[in-house]
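The structure follows.
For clarity, chains are labelled A, B, C and D in written order, and residue numbers in each chain start from 1.
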């Protein structure tokens, strides 16, 4: 079985900022240059504050993700993990603070669509796929291409694109179900389909919210391998509760608590931190 | 298989209509078909339902006397559901599918305007029983309701007279329909010709279905402070209740500011507590309270009919002006058919000119020789506590209609006889 | 809704049967106006009554189809489609009024205090410009309304209520006599269109054929859209708008496109409706009319192309029949029908046919 | 004591010329309308107490004449001669009144009532004469003012007199009258002052100057009255919108049912009121005045029962499919409307305001607050309070909120969701029924009643924010007041269009309505 086909599927990006390989990213716009990641960080969150009617969901949160890094975020419920992802993807606007994608893209000023097109992909906590469409069509919609209305009206898949979809189908092991409506897939299959859609999107930064929830052990193992292979050329941010899974994939872990970074480091370091122990076990 | 049901329905519908036609065509020798085109559902049902019943009663009455030309009249009732395009469709159906000899129907001007092209195209015959704004004279329509000069102008003349309270300021209040607009335009021109200054006339319109008259009543009060004021109301039926209630509760009574209404009759008063309204006025060509033998017979016949047919609210059945106009219209048509010896539209039209009928209003009404309108008496009635009107003033003799009002510029060039609008 | 966005029933019953049925229906519809040209005594003559009735229903069917494009496919229930229909009708009506008025003012203006044509009437004596208005007025209005509504992400019930408010405001505006569209009477008494008498059988037949052509065209357009990637994006939009945004699609553009297209189709249907029924007035904009259109779609079957057509045909056919057969009680039948369909036929009549097919 | 004696003397004096006036009724009966008017004017200028019954009978339209034109008074169907003891020849016919005669009768009645024992009656009469006093009554008023000992009546009389003194020959009298008029703030005063100033009608410079000051004063007072009136009508309209929308805020806002039959619940509530009125008129006519109070619980239970029945049979199968509830409830509404039309007829039915809801409270000379509107404002607030208590302070309310927020979780916690849905729908319908009772007091009661409120109701709920009771309240009053501010400026039609446009714009800004829940977006 091919375990690392993804690198072939996803365009690599050039950390030096050349970016000539990038093509149209939707609504007819073409990014002239690739993402500027001169300083080696792909995502910088600085002093982010978010509050809902007085409830502070995030307090002075600062977080940096390096290029090609695979970062795991852990933290108890209500620590602000999903809110942080909402901030990064433009769904929630921070009351203060800055969020930069690369060195030049200010995420707090971009719309969700722009952020997605700039190269941040997100997988939701609850798998969301287009249930009325077939697996194949789900991947077709996700693929990186001109996503403007006009383009969609005229769009026709070329051989290369079909091959890519086939490849991803293979990767996520849904080749047999390509024409099944996505709504009829099992929970785990939906998770994989969503990951597959992310792959089709070929983003530079992937945000994954509890990707292995509801997966069998074998599936989890496979996912871990998949992520590790992705991490070479992409940046990943994985929110996960499953410590075993975190252990297999993460080189760097961040612990969130009450909207703030509590600890950061390797899993061993973090697990040794007394504050983390208190937060996890103390209550 | 997708389109089939649509066509099936259409076919089924037309088949049903046809099969419905058959028994009639078999009896065609014995009956004359008469179309009744009044809304039985939707917003206009409130006014039109009783006209349908009145038409049926009148047809019964004529049938009981042996019918017309020795044949029984057979009513064909359809429901255009207060939907104006549906009026045209149903009109066409009555003329081409049911082949009626005449149609009695419509209430609103827009419904009449909707069916008019159909009746002109197919040379049908329509009797329209409601007061309206004029500005129309079709050879295929006979207008048994009042033209503006048979209702609005005499009413304002009365208000200006000593008995009417010598009003010198006029608040023209109406629903924003074509009828109130046209009527008020005529009234304004009339008032100015009588020396009323522009500043003493105020024109206000409300949206259809308006139910909050607080601001308007406050404005009337303000306006009325300037001198003896009368309100001329062309408010459409449904908005009258909130208007009168507000008027009464804000303490404006008829001795201070009388309201004369052109669309409020006995039927509308059924839905209003009339005690606070005593003294307010309405102008019509007929009131139920008119005392004469013809009317007594008419009213008691209607009450008996309502009871026999078990109509809703039969114990409180009343007659009103459009009902009388329907009654008169059907009888006149029947007389004209007898005179013409045929139900052919062209012959009946000729026979209708100059036709007379002893109407419940107490006058012998004449169909004008030329202009398709009745000569009608004008009466001003005062609201009484029992929901009836007492006539306080009436013209000495029936007035000839002026469908093209001389107070609207350009009308002097219009011919005073019916021509197709093109 | 787990319905794939394709011709569900068609797939089940096999494309062949569908094509045959559609072809047959089209043949009947094309034959009807031709039969109308036969002399009235002829056994196969189709009467003007039948022709205008079916023509009217066909116009409604186009509205239903247009509404289904936005509701069934994009998940936006519009309760204001009557407005676009009426606007198209008014644009056509303006031309027809100018035709019958000749060089003078339209009849209603001359007795309602208008001395000259208001600016928005300029050029309406030209058929071409009137046709431009038929497309532009509903199109631009829908575009502007949609642009703002979709920008602020108004959806679901909010969107429905806003569209309802829009058509209600439109109705009030057109009711005003000062607006210059004939007030509550609207436009009637049309005489000629392009110089041909509007009541001539040949004109009727032509208008009918034009309606059939528009319907067939809309159906084809809908079919192509449903099969394109655009159609799939719409379905995705209906079911998971957020996911779609994170895939990098801007839903606004998609919604705006289908919404405006739907409005323009309605406008065209309205323009064909007016000369056939002979009247246009503000009651076409009444919110209840638009709700009824939604009922046609639901009754026929949402998210299918044929369903709405069936629904429009069934409801209007029944209305025409019931109003004669049971004038006092037809509302009971109609009301009961709505309840029964929503309760027992959630996928509409088309769902029933599909189940039969299986 | 002195004054009482005085009055007695005066009475005697007036009774003396009895013989001369014995034929008043007969005179009136025989006169032509024009002559009747002149008679009434002379009676108003020279009142005679024994004429009072005649005037009262005339005013109540109870005077009839027989064939000989002998006047009779009708009492419970029997006729009694007004003068002498004649028996009617033939059936007497009622004397016709018209508005002119009615006005003159009122004036004549008022000047007779200035002699009444009861100060309240005298006050009312004086106030009446402020509006309709005739120059011929100048002397009478002066005389009565001198004899008056009640301060309030004196004041009212002074004012009534001032109206007539504007044309007095003595500039000092005119000056005093002008000053007095400035203080009243009556709409008539403004017009009188304006007339005085116009066309150099007033020649005395001092009086002119005083008149100008008074006019400005009067205008200011009128403006205050107008603004207060506008505010009140805004509140009143708001309370009506609120009552119409409150039930919907529950069925639509909480249960998510797009209830197109909501308007029909209002209509059924109004028809219940009508039925209660009819039944009480038949069974308990002495308590008829309180029929709206009786109608409240009846309407609540009737509409709640109908609502629950609908929920049981139709709506329960449609939860989670909100747009389909629209279609089914639309069907229900068609059926209900036609049902009422068949049962009660297409025409409106008569629902009368009972005495305590008729008329209004005169707050300022140009501001009358109708009782029915005041009661409805209070009632709307009461219903809101009741609803709030029900939803927030009872177990039922807790359950309703639980079910509407998370049906499955509530079911897991042992909440009988089916029953709660039914109760909640019944509650919403019942509140709509209460709204219907209130609506019956200000407008039509007909089969289409509900249709005219349904759009406004939805707008109120959506504008306020679905599921937000407080939002609905703000939205209703906001819409009401905005409507009433706009209406005098640009007319009712444009005002309404503008409001709709503003709502559409507002929703752009706040797509979730006025009171939206903020929080993490949940997908």
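What we mean here is this: a contact is a pair of C-beta atoms (placed from the backbone, for glycine too) under 8 Å apart; a residue touches a chain by one contact, two chains touch by 3 or more.
Since we're looking at a predicted model, the values are computed, not measured.
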Of B-D and A-C, pair with higher C-beta contact tally: B-D
Centre-most chain [mean C-alpha coordinates]: C
Geometric centre distance via CA averages, chain C-chain A, whole Å: 44
Centroid spacing, where centroids are CA-atom means, of chain A and chain D in whole angstrom: 65
Where chain A and chain B are represented by their mean Cα positions, the distance between them in whole Å: 73
Inter-centroid spacing, chain D versus chain B (mean Cα positions, whole Å): 31
Set of chain A residues in contact with two or more other chains: 91, 124, 128
Contacts with 2+ other chains: residues of chain D: 338, 342, 451, 493, 496, 523
Multi-chain contact residues (two or more partners), chain C: 172, 175-176, 242, 328, 331
Interfacial residue positions of chain D with respect to chain B in the complex: 33-34, 37, 96-100, 102-103, 106, 131, 187-188, 190-191, 226, 229-230, 232-233, 236-237, 240, 338, 341-353, 358-360, 362, 366, 368, 370-373, 442-448, 451-452, 483-484, 487-488, 491-493, 496
In the complex with chain C, residue positions of chain A that touch it: 25-27, 89, 91, 111-113, 116-117, 121-122, 124, 128-134, 137, 140-142, 144, 147-149, 152-153, 155, 181, 183, 197, 201
Chain A-touching residues of chain C, taken from the complex the two chains share: 1-5, 225, 228-230, 232-233, 235-236, 238-240, 242-251, 253-254, 257
Interface residues, chain C side, partner chain B - complex: 9-10, 13, 17-18, 21-22, 24-26, 28, 47-50, 52-54, 56-57, 61, 100, 107-108, 110-113, 172, 175-177, 182-186, 188-191, 199, 277-279, 281, 283, 306, 309-310, 313-314, 317-321, 323-325, 327-328, 330-331, 349-350, 353, 357
Complex contacts: residues of chain D adjacent to chain C: 258, 260, 314, 317-318, 321-328, 330-335, 337-339, 342, 451, 455, 458-459, 462, 466, 493-494, 496-497, 500-501, 503-505, 507-509, 511-513, 523
